[in-house]
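Listed after this line are the structures, all set down as structure tokens.
Both complexes below contain chain A, partnered by chain B and then by chain C.
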Partner chain A sequence: MPKVTIDGHTIEVAEGTTILNAARQIGGDLVPPAMCYYSKLDISGGKCRTCLVEVTKGSEKDPRPMPKLVASCSTPVMDGMEVGNKTSAKVMDARKGVVEFLLINHPLDCPICDQAGECDLQNLAFEHGASGSRYEEEKRTFEKIDIGPNIQLHMTRCILCYRCVNTVDQITDDRVHGVLNRGDHSEIGTYIQNSIENEFSGNVIDVCPVGALTDKTFRFKSRVWFLNPMNAHCKCDKCSGEAVVWMFGDEIYRVTGRKDQYGEVKDFICNTCRFDSKDLGKWTIEGPRHIERDSVIGQGHYELKPADNVKEIG
Partner chain B sequence: MKSLTNRSIEVSNKKMTLMERIYLPAVIGGLFITLKHLFMKGATIKYPEQTRPVSNVYRGKHVLKRDDKGAERCTACGLCAVACPAEAITMTSAERQKGEEGLYREEKYATVYEINMLRCIFCGLCESACPKEAIFLTTEILPANFEREDFIYGKDRLVEQIDKRIDVSKRQTMEVVTQKFND
Partner chain C sequence: MGRKILLEKINVEGINTYDVYRKEGGYEAVEKALKKMTPDEVVEEVKKSGLRGRGGAGFPAGMKWSFIAKPEGVPRYLLCNADESEPGTFKDRYLMEKNPHLLIEGMILSSYALGCNTSYIYIRGEFMWILRILEKAIAEAYSNGWLGKNIKGSGFNLDLYVTPGAGAYICGEETALIESLEGKRGNPRMKPPFPAVKGLWQCPSVVNNVETLASVVSIINNGGDEYAKIGIGRSTGTKLISACGNITKPGVYEIELGLSVEEFLYSDEYCGGIKGGKRLKACVPGGSSVPILPHYLVTKTAAGEQRLMSYESLADGGFATGSMLGSGGFIVFDEDQCIVRNTWNFTRFYHHESCGQCSPCREGTGWMEKVLHRIENGHGHMHDIDLLWDVQRKIEGNTICPLGDAAAWPVAAAIRHFREEFEWHINEPIKCLEKNYGLVKEPELAV
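Then we have the complex of A and B:
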């Protein structure tokens, strides 16, 4: 089993594990952020470049450092590898540049966007980004498209992580949307405004790291930090029925999958649970979710026994 | 025992003199002080006819600004409500329809925007939190009222009137803005 050292922490991992997953096994601060990699999906990753790390020692046999920064989500570890993430100034500088690149065409309409408060790009930019942009040209814009009755696609916000394409490709039967055009013109789309009509299509909302794919049943209804996320389950023959209901008083405003600390859902839930089960009677509430203290969703949120919840998501 | 702080005063029960016992000189002295105050300049002013000068950044009644074209700037993002320590602000948002571009600047707007002025502590955090420069506090002092309901200010009293613009440029001088960003 190869031994890898990340930011001074050594761990033994299985053959073929990527650097990112090895870092996640150590856990804590040294885990590189990821915008496109999604552990529940195959062949995801390698697109956004936010998980770049510096390999200062290639392996025990060949101790030369890798000449460039590598994407940790798609680089397998080798025995004796030494990796710098938080400790490497080169990585932090590069990540700042990556954030600036990701934000080139991003409209920064967070006050309007429904994803604000739980947005990966927002968190990433807050932690690693510079406060200004050097981009002077006009940002590209798109018209909003309705994909089916419940999902809205706002391509202007998209960072082309391909997570939604992989999701629909892998967990639903027939794929109807993908990336059209190339390079700067690439856009997510269903060719000639086809709607995605599949029982699991709503999961593209959960996997989207930005606000490009949003829930139309929740559109502009509230802000995520005014709602109380509760773990809940229901009897569902299509999915596991384990979800999070976002409540305001006694009303369910929206339903999402249960996300772990890396923003990845545990189980993909079906569209019936997500869009059509806003009735409190259908759900069995288990209790409030654990929320990181520095998250904006944590405002006004109190936990009786946070330690139990930590174990649950950990 | 003597006190350690040396601040206590011993009570004396010494016998009063004759002049002190008839009290009259002390009473007349007191009346004279009252009379003297009649001819002094008063400490109060006759509000509301007279008002005191206030600072340019005085925190009084709120205003929801419109932009140069007269469209409402507020996009109902809820950051003022989350910043509000007194939980005074509530709002409901809606999507802008086609043809309403002149009314609302962004694609989302507030259909209901209420500030409970009885809860408000006029701290100005909503003004600092606003990413759209929509809400400002003005130098206007909030009027008194009879009913509790009348202190819940809706959009009818908060949004500035299109022909009666409220100047907030003095709240946005370089000094104020840099201080805001440094906070």
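Then we have the complex of A and C:
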């Protein structure tokens, strides 16, 4: 079992584990951010470059440092490897650069974006971004496209992480969802605006780190931090039925998969649960869901009982 | 007169046909290898020759071959990278167009050495007529028994195919080439695993440049030691240089590595000096991706030594005062050329050709192009120069494939050596517009 040291913390992990997953096993704030890697997908990662880390010692056998920063999501650990993430000035500088690159063509329309409050890019920019932009030119824009009756694609916000492409590749047999064009004109899409005919197509909304893919049954209904996320389950013959229902009073505004602290869903849920089950009677509520990351959603104090809530705000 | 190996027979009438090529000693190397040598001996000869990859990176070819994984029962593939699309590089095109059988012979030898029974030539989509030339030559080779089953009774089988790309520069990157060959979008793969372990169809593969494979023929004919005698130091053999720009005689030249840059640039045998008796301003010695050199660093290194056409000498001084041999696209600029405009043009190319997979290259190349366009057209600010420097620095080394580096280096070198010219563009926008556009002033660009 290889031993790896990340920012001074040593851990023993299974053969073939990537640096990112080793860091996640240690936990805490030394985990590199990941915008394109998604552990639930067979293929993902390596593209966004936010998870770059510095390998200061290659391995016990070959202690030479790696010449370039490496993508921690796709680099397996070696025995005796030493990795610098937060402690490496080079990494922090490169990450700042990557955030800047991701934001130059991003519209920064958070005030009207449904993803705001649970957006990976927002969190990343908050942590590593600059306060202003040095980009003076026009940003690229696209028209909104409907992918099927329930999903809307707003390419302008997309950061081309390829997560949705990999998801659809995994859930469908054919290649129905991919990338058109090249460079910064690349466009996610189903060729000539087809819909994705699959019972699990709604999961592209959950895997999207930004607000490029949104749930049309929820668009502009509410800000996410006004809603109370509740763990709930239902009897479903297509999926596990374990989901999170986002409630306001007694009304279900939307249904999503159960995301962990890294924004990854535990199980893919089916379209029926996601889009067509807004009736409270269908669900068995288990209790409030803890949103693990620092998020505006947590500011709503929904996890406390109403009486405590008053005291807390008091 | 330098020694010619690749271009030795290039001017023989009808060398592109099998009969003439065979009469001129063609396919003798294959005969020799199949009858008298084991595959390992062929690899050993190539290792001895010190042949380095001619595609740009200069990695020793024999070493690359020895890395190929050889699991039982898994086919191996040799892929020829003929996707030559670097601005300023046009050597492979010339070689394939004039002497296609040389490449085919080199591929048979290399496939034999690597134990490949299927090999592909991945050719740039714009080279459609060369694809036809190659297909005709391959058909001739098949009908004369140099390809197919049991070649000349040796028991070695080889099928050779030519596949065109769809016109993307990025497919010259070896893993993108493999993806494209598999029929997918030409996005570079994450490495590791390297192609030598998991390449085409997840099988061990070797990707070599056209010129590298063609050089194998003379290595087998004359022996690796003989080949290693040509050249200087670790830069052995001959190299095709495609010279272009403001020179009297642009074209493809074969040089012995170690020739001085001064001789190459000014002698009548090669470039014949700067056109119109003008002065040299700058030179890009290895295709658009490598750093540009100002006139005082072209013929001499920073240490005052003579600069030679070799991998080491051109790289002398690192990126601060040196450059790279790269793919051998020798671009010369005279005193009237605008470096800012040229840098913008290069950056426009990389912006257009970035695959869009990883963020620094996708966004950074476009950003650099816009900033350079602004400076070039008289709308720049002084802080834009520092911005450009910072952007290129954040692209370099942080991308999946070397296209990001290739986009960053020319910008970095242009700022490093020609900062005053950038400043002049910003301080004197009208003067510089008049100088650059002259009679063809575009109305919307006039300030």
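Points worth noting:
Criterion: the second predicted complex is superposed on the first by the 295 of 314 C-alpha atoms of A that agree within 3 Å, B and C clash if a C-alpha of one lies under 4 Å from a C-alpha of the other, contacts with A are read in each partner's own complex, and residues count from 1 in each chain.
Just so it is clear, contacts are C-beta pairs under 8 Å (C-beta built on N, C-alpha and C of every residue); 3 or more make two chains touch, one makes a residue touch a chain.
Source: prediction; values computed, not measured.
When the two complexes are overlaid on their common chain A, residue A:I26 makes contact with neither chain B nor chain C.
With both complexes placed on chain A, chain A has more residues touched by C than by the other of chain B and chain C. In the superposed model, A:C236 makes contact with neither chain B nor chain C.
Applying the stated contact rule after C-alpha superposition, one finds that A:I171 touches neither chain B nor chain C. Looking at the shared chain after the overlay, A:F226 reaches chain B, while chain C stays out of its contact range. Of the two partner chains placed by superposition, only chain C is touched by A:L160; chain B is not.
In the superposed model, A:V70 lies in contact with neither chain B nor chain C.
Looking at the shared chain after the overlay, A:M92 reaches neither chain B nor chain C. Shared contact residues on chain A (touching chain B in one structure, chain C in the other): none found.
Against chain A, in their complex, chain C makes its touches with residues 168, 170, 185, 190, 351-360, 362-367, 370, 374, 387, 390, 393-394, 397-400.
Every residue of chain A that touches chain C in the complex is listed here, in rising order: 45-50, 52, 68-69, 71, 74, 93-94, 97-98, 100-102, 104-105, 134-135, 137, 159-160, 162, 178-179, 181-186. Per the touch definition, chain B reaches chain A in the complex via residues 75-79, 81-82, 93-95, 106-108, 131-132. Interface residues of chain A, counted against chain B in their complex, comprise 109-112, 116, 219-223, 225-226, 296, 299.
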